[in-house]
Structure formats: structure tokens, C-alpha cells
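Heads up, the next two complexes both have chain A, just with different partners, chain B and then chain C.
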Partner chain A sequence: MSNTKRFTISGIIVVILLLIPVVVSRTDLMTWLTFTLLYIALSQSWNLIGGYAGQQNLGHAAFFGIGALLVRTLWLYGTPLPLALVAGALAAMIFALIIGFPAFRLKGVYFIIGTLVLAEILKIIFDTILPHASVLPSKLLNDYSLTPRYYLSLVIALLAVGLVYGISRSKLGLGLMSIREDEDAAEAAGVDTLKYKLTAFLISTGLAGLAGGVYAYFAAAVLPGHMFAAEWTFDAVIIVFVGGVGTIIGPIIGSIFFVLLQQLLNLFLPAGTHVLVFGILFIFVVLYLPGGLVGLIHKLKKNAS
Partner chain B sequence: MIALVAQTFVNGINVGALYGLAAVGLSLTFGVMKILNIGHGEFLMVGGYVAFWMLRLAGIDPFIGLPIVAVVLFLFGAVSYKLFFSTLSGFHEEQKIKNSLLIGFGLFLVFPQIARLLWTGDERAITPFYSGGSFPILGIRFGYVPLAGVLVAVIVILALHLFLKKTYFGKSVRGTSENWKAAKLMGINVNRTYMITFGIGTAIAGVAGILVGLTQSLSPGVGMEWTLKALIVVVLAGIGSVGGAFFAGLILGVLEAVGAIFMGPYAVALGLVIFLVILMFRPQGLFGKA
Partner chain C sequence: MLLDVKHITKAFGGLVAVQDLAFTVEAGEVIGLIGPNGSGKTTSFHLISGFLTPDQGEIEFDGHRITGLKPHKVCQGGLARTFQLTKPFAELSAAQNVMVGGLYGDTTGQTTRQAVKESEEILEFVGLGGRGDTPAEAFGTVGRKRIEIARALATKPKMLLLDEMMSGLTRTEMAEALALVRAIRDSGVTLIVVEHVMKAILEISDRLIVLHHGEKIAEGIPAEVLKNQAVIEAYLGE
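Then we have the complex of A and B:
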């Protein structure tokens, strides 16, 4: 596909997405769409560090949670939402900076389990300090409308996709991919691996913080501990892998598929069945289809031509 | 005061033996075949449920049914290995660990959902008629079930130790863990060794699951919690050290029990913090060699 064609298609999709709230008035549909966009932002942010840089960060929920909690608190105390969102993203990035140096001393698998444990620690702490649900005050609940929430998640999703797309075509992106393929070789070839990994980590966690902020703005009532729940990480990871790890379009397809499956299965089967289906798909992808759905489409196209 | 300290200590050891048992299987599979199975706790959960249903439906005492659970979980583990992990055996070590972790992660997503469909999300406990009973020595209470649990843990770990050190098959397991290519050249069937080792690991997890069901509670989602405990213990002990895993389990159990007095609910995070600190500064573990 040529570049102009690609940009035209993306432009048309964005325009359609912008017009959706004008046409669609069903709240359930709007909720699905908002969630899909939220998942696109979250999974794309994970894709940068886990897919492009190959550092499977299983503690992504920690940054999502920090962003969500701070945005929620600031917003409910009267800070303008955009300001609160920036603060949430910054807080997630600062935390990433603090733990980034020690965390990246851990190589490979130790990084993965280290980050997993870190997020669990935060969840336990916030479950204990803030055991009560945060409910929107009645004044805000009365004015609750999905349209601004939809637009906010659209903006964040576009930001995440755009940013990761830009990075994937830059020197930073190349460096990250070289680290993913062989860290020692990259280091030997003159890539400052720690600096590259940290930069990717900061951008990724900042986006996760923003996604958390969107969720904080969206949720009518939420337990603070739930914002740190490992599910946020796990959903992002399976979406990225099933969609196609290390590609721009993969997390987008994965998110659409994930939310669709979630909603459809929840109509007929007990809640959580979509995790079962996606878990099986995930294992299958890891074992037999490393490119995910995107890889499958490419393969089919190749066979057809 | 002394009684309180002693009681805390005893409680810590009761729990700690369980941690050790939960960790041994993980340590074995990681040490021998470089498979880091995040789904380890799920096998524990399955083992607990098997024992629960044996008691509920057939009236089989969990301690008598222990060998049955071990055999069932051994077969279950061997099949899981064949299905999910055997394709990894040819990979380069670093790649293998990472992929095994992702597959274990997939099992962690799938198993609880299946368990929820089969057995609902209710919390269950294995309660034979003698559960809850205890006897005092010098003012310290010893529960029958926790004490039996410690005994089972010690026996299982000793048996595993002797099996690895004294038998011919144990020798082939150790050989494979040191260098699987050389082992293959010496005529050891590496694939079969891997499958059986994985089965032994899951069988031990299943036995630990019985004890979890007896002393705490079971639910489809309990797997991750125990995987984390097992990971802490494994890292504390040094990867692949079977005896060390048991002692590290005891240490963690006692630390948490003592910590609960001073830190209340945060004591659960204590183990995780220790884990991170060890990972940073002594990755070879307390009992491991650098």
C-alpha cells in the first residue's frame, strides 16, 4: 500500500470515528466503542515496550493505576480535566523513572517477573489504604454523558497510535527493535541500550497513565484497588499478542476483536468466558502463529497471490 | 509473650512448609528444563479441587487420597507438557524461558476460567471430620492438619531429594539439567526426561494444593497468589535448589507470620518486597552459588 493511500484510509477512519457520536445514540454501543478505544490506547502503549523493545513488562497495571488514581482524585477535587490528565501521565512517568533504573538491571525473564511483582505490591497497598469505592458525586452523575468520554478516549487512542507509529519509523524504533532481537549485539553495535529502553519505558508508561486517566473519567464507581488490578496488564498483553505483537495495526485489531468477543460472549455465557477464549488464542499464537492475526492475514494474502 | 512468639513461629512454619512445597515443583522445572511456568499455581489449584471432590463425592480422606491426586496431577502435567511446552525444547535458552513464561501466562488465563465453569467461583475448603482439631504443648497449640501438612511436605521433599540423588532416572534428570545436549549424546531420552520431570513438578504442586485446601481455601483464582509465593521462594533459595526451596519457604512463612504482628495487612507485600530486593542484589539466591 502506498503512503498516500494509507493516509487517506486513516483519515477516512478518523472522520468516521469523529462522527459516530452524532449518529449513534445507543448507550451500550457507545460504551463498547469507548472501551475499544481505551483498550487500543492501553495495548498500543504496552506494544511499544513489550512488542517493539521486547521487554515484556507485566507491571503495566501499576502505571495505568497511578494515572487513574491521580486523575480521579485531582478531577474530583476540582482540577480541570486536561490538567489532571497531564499530571496523571507525569506521575506514571516519574514512577517509571524511579523504578526504571533498577528494573532494567534485570535482564530478560527477571525483568518480567520483577515488574509483575511490583504491580502486585502496589495493588495490595492500595487495596489496603483505600478499601472504599470511589463514586462520582451526584452532581457529576446527573450530568454524566458518554460523548465527552468517547471523544477523550478517541484522542488518547489516536495519540498512542500516532506516537508509536512515529517511533517505529524513527531511529529510536530501530534501536528498540535491535534490542529486542539481540541486546548484547545492539550494545556492541553502539546502541545505548539503557537509554533507549528507558525512553521507550517512559513513553509507554506515560500513555498507560493517560489511558488510566480516561478510565478514571469514564468509571461512575470504582474500587481504587481495581485500577491497579493485574487484569489491565493481562488484557493489554493478550490483545497485543493475539492482534500481532510489534505491529501498529495488531493492537487495534486485537482490541476490536477483544471487546466484541467480550460483549457477545457475555450475552450468553458466564462473565469472563472471553478471557478463556482469548487465553486459548494467546497460547495458540505464542506456539504456532508468532505474528498474531496480522501475521495470519499477511500469510493468507501471500498464499492468494 | 514467649508463648505468643512461639505460637507465631509455629504458625509461620506451618504455612512456610506449604510455601516450600509449592515452590519445589517450580524450582525443579525451571532448574532442569529452563521452563518458568507462571501457570504452576494453576496445577496447585487443580490438585486441591481433585482432593476436594474426592472427599465430597466419594468420601476419600484427603491424606489417603494423596497418592491418587499425585498420580492424576502427574498425568495432567505430562499431557500439558506435551501439548504446550514440548515445542519449546529446541529453542535457545533465553528465548525458551521467555516463551515458556508466556505460555504459562496463557495457562494462568485459561485454567481459572475452566475451573469457574466446572466448579463455580465459590470458595471451598477441604474439611474432613478432624479438621480444626488441635492439641497444646507448653501452651502452644498444634493443629492436627497443619502438623500433618508439615510432615507431608518434609516427606515429599526428602523423597524427591533421594529420587534425584540415588536413582538412575534421577541421575539422568540431573545430567539433563546440566547440559541437555551432552545428555542426549550419552543416550538419555531428553524429551521423556523433560516430560516426567514436568509431571513430577505438577504432582508436587497438586499435593501442595491438597494442603492449601485443608489449611486455607480454594477458589478458581487462587493460582496466581501461589505462583507468586512460589516465585518468591524460588528466587530466595536460588533457582534449581530443591532443598534450599524448602528452607526458603520456611523463612518466608515465619517472616510473614512475624510481619503480620507489626505490619498487619501489609505483611503480604513484605514477601514481594524481599523478592525484589533479592532479585536486585543477589540474583543467585540466598543458598545459590554465584
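Then we have the complex of A and C:
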């Protein structure tokens, strides 16, 4: 596909997305769309560190949670939402900087376990010190509208997709992919691997913090501990792998697929069992379809031509 | 003097892999680093290229002390290397492999456009012209070795450490590889070559350094070194 064609199609999709709240009034549909956009932002942010840089960070929920909790608190205490969102992203990035240096001393499976444990520790801490649900005050609940929530998710999703797309085609993106492919070879070719892993980690966690902020603005009632729940990480990871790891379009297709299937499964199965289905799907994709849905589409196109 | 290795020692637990190794390399030379298996050749490469830090001793390159520098700093300083078991960026194209070296290892600050153009030239130079778009994983052993050399050359090294680029090659492939090594030398790059294939190393080396149990047991022009009693014993046993 040529660049012009690609930009035209992207432009048309963005315009349609902007017009949706004008046309659609069903709240269930608007909720799904808002969640799809939220998942696009979250999974794309994971895709940068996990897909492009090859650092399988299983602590992504920690950064989502930090962003969510701080934005929720600041916003409910009267801080303007944009300011609260910036603060949430910065807090996630500062935390990433603090744990990044020790975490990146761990390699391979130790990095994966280390980051997973970190997020679980935060969840336990906030379950303990903030055991009560944060409910929107009645004034905000009475005025609650999905439209601004939808638009905020759209802005953050576009930001995440645009940023990761730009990086993937830049010098930084090439460096990150070289680290993913072989860290020693990247060092030998002059890549400061620690510096670029940290850079990707900061951008990734900043976006995760923003996604958390969107959730904080969306949720009518939420347990603070839930903001740090492992499912935020695993949903993002499953979406990226099912969609197509290390591609821009993968997390987008994956998010649409994920939310659709989740709603479909919730119709027929007891609530929560969709996790089981996604787990099995994830294993299947990793074993038999390493390129995810994007890879499958490419394969079918190749066979057709 | 381009490289000055000053009495470096490296031990892993009780095993001394490199012991009090000292040698110098002049600009323009081709040095053959030989020795039986486990004699410390690859460890020496790791020490010089920054992947390992010596327990004792210093290494100077191009007038600067490089002991303890990280590998990317050593590379940016003009000392590049390849790996015994090739490490191409498998999912990236051959051109992208080379561009990483150009964009990160060469400190003159290439633009992406320049790096693209240069990657084409360098791939041509190593005999992979026109195959830049092919993913590295699609190449065989010879192609991968060449991609790795191209990636190292893209960093604009003053010195290149080649680790066993002849192993696993057929006779024809070896002749081509030797021609490539000569072409690299003629382009003004100083070389240290680790090699098991004795015929190959004799043909290209100006000087040989022989390691045995981590120690240097001989050094000199190939013809003389091969007559050295200690070298014969190291290879054939006493």
C-alpha cells in the first residue's frame, strides 16, 4: 500500500470515529467502542516495549494503575482533567525510571517474572490501604455522559498509535528491533542497549499511565486495587499477540477482536469465563500462528495472489 | 600503534581463560590469532570488544584506554567485531541489519537516507548486492556471515575482529571469504582474525599470535611460528 493511500484510509477512519457519537446513541455500543479504543491505547503501549523492543514486561498493570489512581484522585479533588492526565503519565514514567535500572539488569525470564511480581505487589498494597471502592460523587454521576469518555479514549488511542507508528519507522525503532533480535549483536553494532530499552520503557509506561487515566475518568465506581489487576497486563499481551506482535495494525485488529469476542462470550458463558477462552486462544496463536491475525491476513493474501 | 593489549588476565572461578596476555597491533596489519580449542581466543575477543572486563591489565585502542568500556562504546570508538556463531537480526532485512551499524556504530551522525544508501554499497562490497530486502533469516551460513561483516563495516571501524568466519565453508566459499578479507584490509581496516582453518590463516596473516591455555606461547611471521617447538607441541601434544 502506498503512503498516500495509507494516509487517506487512516484519515477516513478517524473522521468516522469522530462522527460516531453523533450517530450512535446506544450506551452499550458506546461503552464497547470506548473500551476498544482504551484497549488499542493500552495494547499499543505494550507493543512498543514487548513487541518492538522485545522486553516482555508483565508489570504493565502497575503503570496503568499508577496513572489511573493518580488521575482519579486529582480529578475528584478538582484538578482539571488534562492536567491530571499529564500528571498520571508522568507518575507512571517516574516509577518506570526508578524500577527500570534494576529491572533491565534482569534478562529473559527473570525480567518477565520480576515485572509481574512488581505489579502484584502494588495491587496487594492498594487492596490493603484503599479497600473501599472509589465512587463518583452524585453530582458527577447525574451528569455522566459517555461521549466525552469516548472522545478521550479516541485521543489517547490516536496518540498511542501515532507515536508507536512514528517510532517504528525511525532510527529509534530500528535500534529497538535490533535489541529484540539480538542484544549482544546490537551492542556490538554500537547500540546503547540499556539507554534505548529505558527510552522505550518510559514512552510505553507513559502511554499506559494515560490509558489508566482514561479508565479513571470512565469508571463510575472502581476498587483502587482493581486498577492494578494483572488482567490489564494480560489483556494487553493477549491482544498484541492475537493481533500481531511488533506491528502497528496488530494491536488495533486485536483490540476490536478482543472486545467483540468478550461481549459475545459474555452472552453465552458465565461472566469471567472469557478469560479461559482467551488463555487458550493465546496459547494457540503463540504455537501455531506467531504472526497473529495480521500474519494470517498476509498469508491468505499471498495464497490468493 | 593501534591496539595495545597490556598484560590482561581473565579468570572464570578457578579457570584462568586468559593469562597475562600482551601484544600490540600496528595500523594496517592482519593478525592471526590461533591456538587449540579452549586456548582463550574467543575470550580475548570478548575482552578487547568490551563484552568482558579483564581482572587485571589494560587495553588501549587508538590512544584511548578502553578497559571496562561497554561494547557499544568500544564499537563507536572504531573497534568492531563479528561473532563465532553469527548473530544476525533475523527478522530484519539484510539492509536493516547493516543500517543499525551505520546509524548507531558510525558516530559521524548519518541520516537514515545516507544509511540506506550506504547499506546498499556495503552489501555490494561483501557480495550481497541487490539482496538488501531479504530478511536475514532467509540467508544460509555464508550469507549470514557476510551480513554480519557488512554490519560491522557499516560502523566504520579502524579495526575489525573476525571470529571464525571460515568455519563451515566449502573450498570455493573459503576462497571467496579470503578475497573478502583482503579487500577489507585493502580498504584500510586493520584485522585480527581468529581461525581454525590453518591454511586460510597462513595465507592472510602478516603475523601470528599463538595462544595455549590462555597464555601467549609464540608470536611472529607465520613461517617462523610454525617451526616453533612450543607451537608444535601445543597442537600435536608432546
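The rule is short, and it goes like this: the second predicted complex is superposed on the first by the 305 of 305 C-alpha atoms of A that agree within 3 Å, B and C clash if a C-alpha of one lies under 4 Å from a C-alpha of the other, contacts with A are read in each partner's own complex, and residues count from 1 in each chain.
As a convention for this text, a residue touches a chain if its C-beta (ideal position, glycine included) is under 8 Å from a C-beta of that chain, and two chains touch if they have at least 3 such contacts.
If you're wondering where the values come from, they're calculated on a predicted model, not measured in any experiment.
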item: Which of chain B and chain C A:A186 touches, first, second, both or neither; value: second
item: Which of chain B and chain C A:S255 touches, first, second, both or neither; value: neither
item: Which of chain B and chain C A:I121 touches, first, second, both or neither; value: first
item: First, second, both or neither for A:L174, with chain B first and chain C second; value: second
item: Which of chain B and chain C A:N57 touches, first, second, both or neither; value: neither
item: Touching partner for A:S204 - first (chain B), second (chain C), both, neither; value: neither
item: First (chain B), second (chain C), both or neither touched by A:F282; value: first
item: Comparing the two partners chain B and chain C, which touches a greater set of residues in chain A; value: B
item: Touch list for chain A against partner chain C, complex; value: 170-171, 174-175, 177-178, 181-182, 184-193
item: Chain A partner contacts - residues on chain C that touch it in the complex; value: 49-51, 70-72, 75-76, 80-83, 87-92, 96, 99-101, 103-107, 112, 148, 151-152, 154-155
item: Residue numbers on chain A that touch chain B, as the complex places them; value: 56, 58, 102, 105-106, 108-110, 112-114, 116-118, 120-121, 124-125, 128, 230, 234, 237-238, 241, 270, 272-273, 275-276, 278-280, 282-283, 286-287
item: Interfacial residue positions of chain B with respect to chain A in the complex; value: 36, 84, 87, 94, 97-99, 101-103, 105-107, 109-110, 113-114, 116-117, 224, 228, 231-232, 235, 265-266, 268-269, 272-273, 275-276, 279-280, 283
